[in-house]
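Have a look at this one before I ask anything.
As written, the chain order gives the labels A, B and C, with residue 1 at the start of each chain.
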Amino acid sequence: MAVLRLSTTGLEVHCDDPLSRLAGFLDSVLRGVGQVMFQNNSYAGLLFLIGIAYNSWLFAVAVLVGTVASTLTAIVLGADRILVRSGMFGFNGGLVGVALLYFLQPVPLTWACVILAAACCTIVMAAMLAAFDIWKLPALTAPFVFISLCFFLATARFGRLETTGFLPTAGLPKAAAVEGVASASTIAEGLFNGVSQVFFQGSATTGMLFAAGLLVASRMAFAAGLAGSLAGLLVAWGMGAAEPAIRAGAFGFNSLLVAIALAGTFLTPSWAAIAYALLGAIATPFVAAAAAAALEPLGMPALTLPFVLVTWIFLLASRRFPKFRAKPTA
Amino acid sequence: MAVLRLSTTGLEVHCDDPLSRLAGFLDSVLRGVGQVMFQNNSYAGLLFLIGIAYNSWLFAVAVLVGTVASTLTAIVLGADRILVRSGMFGFNGGLVGVALLYFLQPVPLTWACVILAAACCTIVMAAMLAAFDIWKLPALTAPFVFISLCFFLATARFGRLETTGFLPTAGLPKAAAVEGVASASTIAEGLFNGVSQVFFQGSATTGMLFAAGLLVASRMAFAAGLAGSLAGLLVAWGMGAAEPAIRAGAFGFNSLLVAIALAGTFLTPSWAAIAYALLGAIATPFVAAAAAAALEPLGMPALTLPFVLVTWIFLLASRRFPKFRAKPTA
Amino acid sequence: MAVLRLSTTGLEVHCDDPLSRLAGFLDSVLRGVGQVMFQNNSYAGLLFLIGIAYNSWLFAVAVLVGTVASTLTAIVLGADRILVRSGMFGFNGGLVGVALLYFLQPVPLTWACVILAAACCTIVMAAMLAAFDIWKLPALTAPFVFISLCFFLATARFGRLETTGFLPTAGLPKAAAVEGVASASTIAEGLFNGVSQVFFQGSATTGMLFAAGLLVASRMAFAAGLAGSLAGLLVAWGMGAAEPAIRAGAFGFNSLLVAIALAGTFLTPSWAAIAYALLGAIATPFVAAAAAAALEPLGMPALTLPFVLVTWIFLLASRRFPKFRAKPTA
């Protein structure tokens, strides 16, 4: 009698012996990786992981350690089983893992911090589930943003936290001038770098592997994600953002996430929802530029804060516009 | 049979032909301008507009473009008709229009940004209506503050957004010394400049036209507004604020808005409510000074953020004090 | 017939004559001082007050003035009698009193500000009670943090507010190096300084008197408080915080408050709750370091903001973990 079965979204486990539970746990971890782009889908998670490993083994291990630590914390604390099983307590931990390894030296203390930070992600996630229940609003990657910024800011007080030098230099924001000239290669590279930046990776190939992961899970997510990354990039270009930042995908990943969230994840798909998602993806680069400038005196990156803010606002607003309906399953 | 009729607050439209709808729309826009000081009243809106035009045609056009764009967005998205009709989806857009034209160069890209920003104001407004429904708390000008600061902060990343040089210089806050000596003319000018600063205007005559608009709509709002502007000014003077800032009305407009909001707009009028509004108007300059200092490292103006914070706090608190009752119509 | 009686937590008043009401009011004030560490207990409040007076008469008077002013404001505004009687409208005012006298010169204007600020604390407290009712979440010392920061930030605009020079210098945060070597005396002094820092006092003897106050009111609070202060200190030491800051108790007081809040005040005591409180006390120094760095460009102290944030998050999250139950009386 089969107790493990592959479904269209990953592993189905129908037994409670230790081996099945381990298999179920590993499947939850892969779904956690997939949930970074809203996909409750182990195959998507696996492709995302392969995409990261293609660029850097270190970051792939960091994502796994973070996702495992936060998922385990949720199990130990007795969080809702269905949420744990669908990876909802994993994705923030996975992002914290890669963020800490990106901005802090890969020394043992940093790995210990990844485990503590990922455990804290689960607690912040549970807190936000409790707080946002009134509005039926998702927590998105807010726990990751909050916990990561805490650890990065703490480097200003804790001498044993060693940074990699990738954190922005603290300074006072000043009016930008147009830098560099965007070409066709800026657009092409920026489009896929925007996808790969969701996990802090700057590789067009990784971006393509991520896009493949999206395609496996949902054609709507694939189309919305690429269109979102492109929209963010084009708006930033039109507004005179620096060419290297555009090429690096810095204005793509937040728009990508907004577009997937609005066009097919939390709203019932419709032409109105697609137009609304496009408006969100267009507004996001402004919030991204503003958030980056607002954090400049602290020398901190904005991470996915712009995506979180724009998605919350557009989802809340959608309740007042009868054109849009919340997706029942989300 | 008359289908258009003037009521005490503006136009009444009783027909659905295109011309009546246009007249209704224009009336909604004027009410939107009036709502900046809580007046669902076209005559007040018209007098505010005349006051702005007296000082600068550019700003009058900017207010109109912003109010029209945000009201139209609300109609296209299918927002609640009664709210649209009373100008509730217009006033934040109007303020964003004048704010963007005040701090950014009047080039075509800025006008395009006004339309995008005003449209976004409507979405933030709808989001806040949905989020604050639990507390029966008004959104006030929070959408305007959030959207304006996003666009101003974005100038640090977007080279094609050109500033006018009126944004404060970014710097680290340090203890102030008493600057200048306040005279009777400081008080007299500051009082009416405080009124005109609600729309970023620095003209006592404009302030008097605004006051006339308030008087047309509500004697309580007129009296509370002037008393609020005066209270803010006197507290700032007593605490040793710089004389030029006092004269310019910088400590008046937030207190004016707090006083109108508490003394007659959201609480049932009573002596207790008037005393409570006065305490609010006295507390506001401290919050205004604090907000200005907090935004100094970003080189950003506090706009009406102090008014929003103080009014939210005092309104929420009033639910716990049986002396005060929420106004049923508000 | 006895109308005044001493109970295990303080005075019981059973009559409504003016003298009894005065006695009841003074008892409410002492409970307000006790509530700074969650103790609705006049004896604890008295011992806290003695501890402060041992170190400085000025601060003891400031705590009293602040607690009296905010409690009186609550009575005048007609706030809930049981809350007033248990000191819930006093503790934020008491903290504001000592904070303003610590960071501002003890001139008459500062004392006037203490009274205004304490009155505003009561309004912010009422606002938070109204806003947080949905989540059954306590306001903690958030009103104190918000109001104090407003007054300190306002020194950058109000020339007559004179600072003592104890406010941190505004600057841009940068990566810390390990400073100084912690010894046994660092740990011993830091442990009790961490207790005394709850009221801005830097005296191990004062810390011991505070601990005695906790012991009188609750053995659980005493044990959790000391363990929390120690946990915060040890984590900061392990992460390489500066030795003088560790010795001064800078990383102790927030963890102390988190530990008391979670281990016995707001959650039903259990081994799981104790472990959860310990995790909170361990996470708190990271948030404390982050908050201090985030406020560095403003030259502002983080006060008890880290305690407030961590406690809110852990309490909200506890609703999603069936192991923990909210304490019915809290």
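Annotations for the structure displayed:
Definition applied: a residue touches a chain if its C-beta (ideal position, glycine included) is under 8 Å from a C-beta of that chain, and two chains touch if they have at least 3 such contacts.
Since the model is a prediction, treat every value here as computed from it, not as a measurement.
Copies chain A and chain B of the same sequence differ by a rotation of 120 degrees once their CA atoms are superposed, given in steps of 5. Homomeric contact chain A/chain C: same residue numbering on both sides for under half of the interface positions.
Centroids of chain A and chain C (each the mean of its C-alpha atoms) stand 37 Å apart. Shared interface positions of chain B, i.e. residues touching 2 or more other chains, are given as 134, 297. Contact residues of chain C toward chain A in the complex are 134-135, 172-179, 236, 238-242, 245, 279, 282-283, 286-287, 289-294, 296-297, 312-323. Chain A contributes residues 77-80, 109, 116, 119-120, 123-131, 134, 149-163, 170-171, 297-299 to its touches with chain C in the complex.
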